[in-house]
Amino acid sequence: MNEFYQQDIISIKDYTKEKLEKIFTFTDKIMNLDPISRREICKGKTLGYLFYEPSTRTRLSFDSAMASVGGSSLGISNIESSSTQKGESLADTVKIMSIYSDALILRHTLDGSSRFAAEISDKPVINAGSGTEEHPTQAIQDLFTIKKEKKKIDGLKIGIVGDLKYGRTVYSLLHGLGNYDVDVRLISPESLKIRTDSVYEIKKKLDFTEATNVEDHIDELDVLYVTRIQKERFPDEEEYLKVKGSYVVGLDLLKQMKSDSIILHPLPRIDEISTDVDNTPNAKYFEQAEYGKHTRAALLGLTLNENGF
Amino acid sequence: MNEFYQQDIISIKDYTKEKLEKIFTFTDKIMNLDPISRREICKGKTLGYLFYEPSTRTRLSFDSAMASVGGSSLGISNIESSSTQKGESLADTVKIMSIYSDALILRHTLDGSSRFAAEISDKPVINAGSGTEEHPTQAIQDLFTIKKEKKKIDGLKIGIVGDLKYGRTVYSLLHGLGNYDVDVRLISPESLKIRTDSVYEIKKKLDFTEATNVEDHIDELDVLYVTRIQKERFPDEEEYLKVKGSYVVGLDLLKQMKSDSIILHPLPRIDEISTDVDNTPNAKYFEQAEYGKHTRAALLGLTLNENGF
Amino acid sequence: MNEFYQQDIISIKDYTKEKLEKIFTFTDKIMNLDPISRREICKGKTLGYLFYEPSTRTRLSFDSAMASVGGSSLGISNIESSSTQKGESLADTVKIMSIYSDALILRHTLDGSSRFAAEISDKPVINAGSGTEEHPTQAIQDLFTIKKEKKKIDGLKIGIVGDLKYGRTVYSLLHGLGNYDVDVRLISPESLKIRTDSVYEIKKKLDFTEATNVEDHIDELDVLYVTRIQKERFPDEEEYLKVKGSYVVGLDLLKQMKSDSIILHPLPRIDEISTDVDNTPNAKYFEQAEYGKHTRAALLGLTLNENGF
């Protein structure tokens, strides 16, 4: 039996390097399969999604991943227009969705929501983003992208730039990187520095330095991971306008970087990366989106098949 | 040819005991089939849904039922954001959806909407809730649950508690129960008693008494069917607050009941049943939701296959 | 290799008579296939839709077309509730959707949006309506309907009545008719006449006259194509009310027409055609909707299969 079978995917903290590498191996396998064989993997299985926070991107990534392995999806993409308006609890909604599907995808504003859902659900629960820190499948996608594009993760110098305070993908990525021997540089305006309470735990596993100037030591980086300044997470607009645009990655910055460095972004982007970077060989954010589909397909395949695929 | 083939499912009043038992037999068959054989039943068929009233629960139940028998679904889950905004009539919308699909699911506020749609549509129409009284597939689901969990329907004492005035599932259930030899007790606040015009017709087929106190004779019941107090159906909020919570089923009440009695609820629930009841062997409302998926799958299989399955 | 393989469908102007006739041949083939063989055509393929302008009808037509040839659909039916709210560009959204699917359907308010998308996308882009003039699959559907119902297009007298200024389907249809030897009569109120800038180009290919009175020469028409007066396209309501209902097609008008003339409408209709016309043998607008499903299925089959089907 494969160790992922019927297991929840709640937190990136549950993933050791060994587990991550296994997922990467199966992702490679998915990518090498012809479409017809690929569709046998989850043939006739149903994925149920519950989005308490809208996220078209993540939902479609799972949807297309499930379609690519032959399954189908159903659920609630915007809980506002659903039965929960009638006052139904998260617990009941999860219980019902676990009857309607073979695995559950949950997106929720609250930390701990996925673990709570997993206790209630008879079917495996996959956290598609919760609270302030967790987005495990995004982290797996990001790590796979680095591995795929740089042929390794250990030994790399990785810069993460932008909103490090409010973006949950950054926290998940840092925890994921904690499994590897990497040198991390966190670059952000003072007001968007990583939260100190979270830093404490991450520091134990991961070596990182902090900076406010994106150009310092930029020439040393192998990977530059850019994040969106999330307007909706700011307490007020003035604060947002102050930092917006201060960390735009353009061709000028790229010129200062190693020729084989790569630029990543979880997307959607607004203007953190100028579009003229898109056509450079360094831009790998669209590949990253494609790998996201395949890593999710691999995770679904492993979760829903006793003996893997 | 099976008698359900290409037939509309409009009103629970059209279902005799014999027909209901046949549906139950096919539901059992569905439940005993392995997933792969099950998916052959409606392979490649398309279910079209038209929801003029939002009902995530019912839509997903049909959606998952159709997926379980190998078909797919498409349609309009919230008619507000659709072409009907441009002023299209129900008749035209139904006509078009019948071109796009093999069977139609209609949810509508108006009594008679499904029968009207059935006259227009070339494809079978399934009423997924209409007007004040009809929700035939819910009634079939409820009856199947009773049968499955109590091994019979005839001879049972059944209490129905809550909002008996506004809840359409209650009327459909009563009409369905009219086919059986049961003893029904309707329990509700004065302001939420069953509508007298509807009582007249039901009385001919069904023996029932009315009460306002949920604890009276509770020890005699085999089945307690709890319904939600539907806030949206009250003319004003004050009236709602007056009765809300007056009929909460908790462990205290359960202790007064027969040890093998069962608690049902069409869901979603708010607080009519306290969550500590969920883990008792009497709580069968989540099983009821699961049976709902299977009864609907059976109905779809019978409607769309000339020789049954 | 079939000439439509992996080709974008952007503008009806790109379709010669020869190409159109090929599509018609394949549509006939689709209609003659049994459902099981039909579902092999795009088995396991995924259609991604992006609707920047809501259009339930067109989306469901594509959705059901794709289902009929064995594929599935995913996407964003109402971009308002999606990531683009977070400020994502059309280019990025298209890029991502092209990763998630085998072909893209785009509906957008802007002229040129589909051609722009096609340049960005690695997968074929199908224009599902853009700007003021283009709706190529609607035109193909309309032409196929005429051909199917009248056994020919050349030599016909075709009246197009209603809102000729704001309705994009009319412009696409006129360009499509430009490939044939037809006699076109445009009938509209003065304020809704066809735009003179567009007339210039169409005039080169197509012989048409203009009129304001729907009854003039009505007895000569083989086809009467009726369009909706689109309220949402009027600058103010007063202007709308002035012309609304002035061109209603009823039994009176039908009596003045040739007995074998046909009435078409792209739907949805409000009251441009009175419902008592529906049951006459001349009414072909519901057949037109059905042909729309099949022409789209043929286009998808040709676009996604190297050697046709």
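So that you can tell them apart, the chains are marked A, B and C in the order they are listed, and the count of residues begins at 1 in each.
FYI, a residue touches a chain if its C-beta (ideal position, glycine included) is under 8 Å from a C-beta of that chain, and two chains touch if they have at least 3 such contacts.
Owing to the predicted nature of the structure, the values given are computational and were not obtained by experimental measurement.
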With a Cα-based fit, what is the angle in degrees between chain B and its identical partner chain C, given to the nearest 5?
120
Call it same or different for chain A and chain C: same when shared residue numbers make up over half of all numbers used at their interface.
different
Based only on mean CA positions, could you tell me how far chain A sits from chain C in angstrom?
40
Can you tell me which residues of chain B touch two or more of the remaining chains?
72
Given the complex, residues on chain B that touch chain C span 44, 46, 48, 72, 74-76, 81-84, 86-89, 91-93, 95-97, 99-101
Contacts from chain A onto chain C in the complex sit at residues 35-36, 39, 54-57, 60-61, 63-64, 67-68, 70, 72-73, 77-78, 228, 230-232, 267-270, 275, 286, 289-290, 293
